[in-house]
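Look at the two complexes coming up: chain A is in both, with chain B in one and chain C in the other.
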Partner chain A sequence: MSSAAALKARKYLVAASASARARAAYRGDFLGSVIAYCLFVFVFSRVWRSAYAARPSIAGYDYAMSLWYFVVAEIPYFGSSGHFRELAGDIKSGQVAYLVARPYGFVGYRFAQAAGSSLVAVLPILGAGAALGGLVAGPPPLGSAAQAALLAASLALALALQILLQLALALTAFWVEENSAFLWIYQKLALVAGTLLPLEFLPETASRIARWTPFPALAYAPARILVAFAPGPSLRLLGAQAAWCAAAWILCLALYGRGRRRLVSQGG
Partner chain B sequence: MDLSIRGRARAYATFLGASFSANLKSVLEYRANFLLQVFGMMLNNAAFALFWGILIDRTGGIGGYSFEDVMVVWALVSTAFGLAHVVAGNVRSLGDIAVRGELDVYLLQPKDAFVNVLCSRTVVSAWGDFLYGYLVLCLLPGLSAGRLLLFSLLAAEGALVFAAAFAAAECLAFFLGNSRSLSEALHEFLLSFSLYPEKVFDPGMRWAFYTILPSGFIAFVPLAAFKAMDWGLVPILFLVAAAYMAASYALFRAGLRRYESGNQMGTRL
Partner chain C sequence: MGAISARGLSKTFSAKVKPEGLAASLRSLVKPERRLVEAVRGVSFEVERGEAVAFLGPNGAGKSTTIKMLTGILHPSGGRAEVLGLDPSRRRVELARSIGAVFGQKSQLWFHLPPSDSFRLLGAVYELDRRAFEARRDELAERFGIRDYLDVPVRKLSLGERIRCEIAASLLHSPAALFLDEPTIGLDVVAKREVRALLEELRADEGTTIFLTSHDIGDIEKVCKRAIVIHHGAVVVDESMKDLKHRSLAKKLVGVKYARPTAIELPGLEPVKRTADAARFEVDTRAHRIEELLRALVELGEVEDLTVEDESLESVIAAIYEDGAGRKE
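Right after this comes the complex of A and B.
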C-alpha cells in the first residue's frame, strides 16, 4: 500500500477507533439492547418449542436449528441499531454542514464511525446469544475452524450491510424530513425475509423473490452458515453479501452526492 | 360534593379535549410527514401478520392460537398501544422530563401534573398503530356494530393499562435517576409478551402477566372476552385498569416528593 493510501486508510481507522472507545465508555448503554435481544431469543424459544411440539422438523429445520438460526440472525440487527437515527438527526438539524467540509469522504467517515461503534456493541450480544442459545438449544452446531471463520466473516459482512443500508435510508433526510417510516418498512421486510424465519419457511415464490433482494444477506447468510454448513453454498452466500455491500456503498455515495446539493448553509 | 366531583370531571374532560385538539393540530401542520408515519407504522405492523401467516400455515396453530386469534390480539394490542400514545404522548418521556428537571412548568399549572404532563404531547406514528387495529378488524370475518363497540371498549381498557404501566416504569426515574434502560426493558417485555400466545410461556411465569407485566389485561383476557362476546368482563377489566392507574398515580406522587426543580424557565405554547 502506498503511503498516501495508508494515510487515507488511517483516517478512517482513527475514526472507527475513537467511536469504538466512545461506545465502550458508556457500558450501561449496552444493557438495553442486550436485554431486548435476550427477551426476543427467549420468546422465540417458546414459540419454536410450541411449533415443534407435534412435529420433529419444519422445512428441514429441527428445534435446535431454528433456535440457533434465530440467535445468529438477530445479532446484526441488534448490533447495528442507532446509526440511522444519528445520521438522519444530523441532516435534519443541519449539523451535517459542519461535517461535509472536512478532509475525509463523508460516507467512508460515517461508515467507519458506525462500524467502530457496532463492533463494540455486538460483543456483549454475541456473548449473551451464545450463552442463551446453549441454555435452551444445546451446544451450537459448529463443526470446524473453517465453518467458524466463514461464520465470523459472514457476520461482519451482515453488520457492514446493515450499517450501509441504514446510512442510505438516513440520507433520504435530504429530501424527506421525517423519514423514519422508511426505516420501519426496511426493518420489517428484513425481519420477514430471513430474520424471524429462514427463507426455506417462506412459500416458494416468496422465497425465490427474497433471494434477489439484499435482505437474506443481512441475517439468513450467517445463520444458515451456522446451522447448515456446506463449503460451496456458504462461499456463495459470502459472495452475495460482499456484492450487496458494494452495491449499498455505491448507493450511499450516489445519495450523498445528490443530497449535499440540497444543503443550504447560512451564516456561521 | 357530588356536584364538585362532576364539575371537576367535566373540567378535566374539557382540558383533555383541548389538549388532544392542540396536539392533533400541531401534527397535522406537517401533513405529508403525518401520513408517511401513519402508513409506515401500519405497514410495519402488517409485516408481523405475514410472519404469523407463514408460521401458522406450516404448523396449524401456535400455543392454541389460530391465525384469526393472532390477528385479533394484534388488533387489540396495536389499537390500545396507539391510543395510549395518541392521548398520552409523554407516557414514555416522563422519566426524561423528571430527570431534566422540566416538570416545573406542569407543577405550576392548575390541572393535575400527572394528567397534564402525560397528555401534553401526541406521538405521530401511534396514529398508525391506533388505525391498524381497526383495519385488521374490518378485514376479519363477522364484523358487526356489537363487535366494533366491544373491540373499542377492550382497546380503551388496554390503553389505560398500557399508559399506567409505562408511566409507572418511567416514574422509577424519580427514585433511581437515569433509569432509561430499565424502563425501556419493561416496555419491551410488556409489548412482546402481549403479542404472543399466553400458552407458549411456562405456567410458572404466567403470574407476571397479571401483576407487574399486565399483558393478561391488555391481550389475553380481552381476546377471550372478544371471542366469546362476553360483555360482563368489560366492567371488571375497567376496574382492573383503574387499579393500575391508581397505583401508577400513587408512584408518581411519591416520586414528586423526591423531585428537584431544574430552575428552568419554560413555556407551553
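Right after this comes the complex of A and C.
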C-alpha cells in the first residue's frame, strides 16, 4: 500500500480504536448488555427445555443445537446496539452539521466508529455466551479450525451488516423527523426471521421468503455455521452475507449523498 | 490575496409550521404547512489572508448559517462563496484540509477520552504523518499551555482548559483560515483573556486568517481589526474596528454634580437623567462642542464632580442591531 493510501486508511482505524476506548469507558453500559444477553439465553434455555421434553428433535435441531443456535444468533444483535440512536440523534439535533465538513468519507468513518465500539461490546458477550452455552448445553459443536474460521468471519459480517442497516435506517432522519418506528419494525422482522428461531422452524413459504431478505444474514448464517456446519452451504451463507453488506453499504452512501443536501441547520 | 469571499450569498430554508389546536394538527398530518425562512440574504464581503475579522449580529441574524456555508457544511441557495480559492459547497473535503473551525458550544473532543486521543484521531483524519503530527502537537501543547492535562479525560477538564484544547485541536493541521463561533462562551475573564491572546499570537506568528463570531465585545476588540455586522440576513456594517470605535467617539456621555440644587438648563440639549443637583447628557459631538458644553455647565453653579466618557463599543453595536443606524449606504 502506498504511504498516501496508508494514511487515508489509518484515519478509519484510529477512529475505530478511539471509539473502542470511549465505549470501554462506559463499563456500566456494556455490563448491562452482557447481563441482558445472559438473561435472554437463560430464559430461552428453559423454553427449549420444555419444548424438547416431549420430543428429541424439532425441524432437525436437537436441544443442544437449538440452544447454541440462540447463543450465537443473539450475539450480533446485542453487540451492535445504539448505533441507530447515535446517528439519528446527531441528524435530528443538527450535530451532524459539524461532522460532515471533515476530510473523510462520512459513511466509512461512522462505520469505523460503530465497529470499534461494537468490538468492545461483543467480546464480553462472546465470552459470556460460550460459558453459558457450555454450562447448559455442553461443549459447542465446533469440529475443525476451518469451521471456527468461517464462524468468526460470519459473525464479523453479521455484526457489520447489523451496523450498516442501523446506519441506513438512521440516515432516513434526513427526511423523517421521527424515524424510530423504522428501527422497531426492522428489529421485529429480524427477530422473527432467524434470530429467535432458525429459518427451518418457520412455515415453508415464510422460510422461503425470509431467505430473500437480509435478515438471515444478521443471525441465521453464523448460528447455522456453528450448529450444522457443511463447507459448501456455509460458504454460500458467507457469500450472501458479504453481498448484503455490500448492498447495505451502497444504500448508506446513497442515503447520505441525498440526505446531506437536505441538511438544514439554523442557529448556533 | 483574498482568503474568504462571499458574493450575494443567501440561504433559504423551508421550515415546517405547526399551527395551534388539535384540528390544525390533524390537518397538518395530511397537508403539512411550510414556510420559507430567509436566513441569509445576499451577503457580500471579502477577507484578506492574515486578516482578523469579527462577524457580528444579534441572535438569528444569520451568522452561524453564513459560517456553515463558508465551511462547506451548508449549500447556499444563491450567490457564491470562495474560501482559500475553493468553492466550499463543491470542494468541501479539499477545503476541510486547509481550514479549522471552533464552535464554542460543540465539542470536537471525545468526552470520555483524554485530549491526546482526540488529537491523535484528528491527526489521522487530516492525514498527518506520525512525525509531523507529534511535532505539531508538542508545539501547540507548549503554546496553549495544555501539556499537563493532555492525558486527563476531557470530562474532568475545566471549561477554560477544554476550550484551549478545542482550539489547539482545530490547529493541528495548520489551517490557513480559522473560523470561530463563540469561542469564549462561558469562560471566566482570565480564561477569555488567555484565549484572545493566543488567537492574536496565532495570527501574528502563523498569518492565520481569523473569522470570529462572538457576542463578547472583548473578543472583538482584542482579536479583530475589522467588523462585519449582519442583521436580518444582510450586511449592515463593514468597517475597520478603528472606524467602529470612532463611532463611539461621536457620542459623549457627560455627567455633572453640583454642590447644591441647581436649575440645570442648557439650550438645545435635554439631559437623559436629572435630579435636583445632578444631570447626565448624551452629547452628539457633531452637533455640540464639548468644550462649550463643559463651560456652560460650570457657569450654572458650583460643580462638585464632572465626568466625560466615550460611548462603549457595546452600545454602538447594540444601536446598530436595534435600529440599523449604521446601515451600509
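One rule holds for everything that comes next: the second predicted complex is superposed on the first by the 264 of 268 C-alpha atoms of A that agree within 3 Å, B and C clash if a C-alpha of one lies under 4 Å from a C-alpha of the other, contacts with A are read in each partner's own complex, and residues count from 1 in each chain.
Note that in this section a residue touches a chain if its C-beta (ideal position, glycine included) is under 8 Å from a C-beta of that chain, and two chains touch if they have at least 3 such contacts.
All of these numbers come straight from a predicted model, not from anything done at the bench.
Colleague: Thinking of the overlay built on chain A, is A:Lys188 touched by chain B (first), by chain C (second), by both, or by neither?
Modeller: A:Lys188 sits against chain B, while chain C stays out of touch.
Colleague: Looking at A:Ala101 after the superposition, I want to know if it touches chain B, chain C, both of them or none. Which is it: first, second, both, neither?
Modeller: second
Colleague: For A:Ala145 in the superposed arrangement: first (chain B), second (chain C), both or neither?
Modeller: neither
Colleague: Between chain B and chain C, whom does A:Leu196 touch in the aligned arrangement: first, second, both, or neither?
Modeller: Touch status of A:Leu196: first partner only.
Colleague: A:Ala5 contacts which: chain B (first), chain C (second), both, neither?
Modeller: Neither partner.
Colleague: May I ask you to name which of chain B and chain C touches more residues of chain A?
Modeller: The partner with more contacted residues on chain A is B.
Colleague: Could you pull out which residues of chain A sit against chain B in one structure and against chain C in the other?
Modeller: Of chain A, no residue contacts chain B in one complex and chain C in the other.
Colleague: Using the touch rule from the top, collect the residues of chain A that touch chain B in their complex.
Modeller: Contact set of chain A toward chain B: 28-29, 31-32, 35-36, 39-40, 43, 46-47, 49-51, 54-55, 58-59, 176-182, 184-185, 187-189, 191-192, 196-197, 201-203.
Colleague: Across the complex, what residues on chain B touch chain A?
Modeller: My answer: residues 30, 33, 36-37, 39-41, 43-44, 46-48, 50-51, 54-55, 58-60, 62-63, 124-125, 180-181, 184-185, 188-189, 192-193, 196-197, 199-202.
Colleague: How about chain A: which of its residues touch chain C in the complex?
Modeller: 3-4, 7-8, 10-11, 13-15, 18, 21-22, 25-26, 95, 97-98, 100-104, 261, 263-268
Colleague: Which residues of chain C touch chain A once you look at their complex with the stated criterion?
Modeller: 13-15, 37, 39, 59-60, 63-65, 68, 71-75, 92-97, 101, 103, 105-106, 108, 110-113, 117-118, 120-121, 124-127, 129, 153, 181-182, 213
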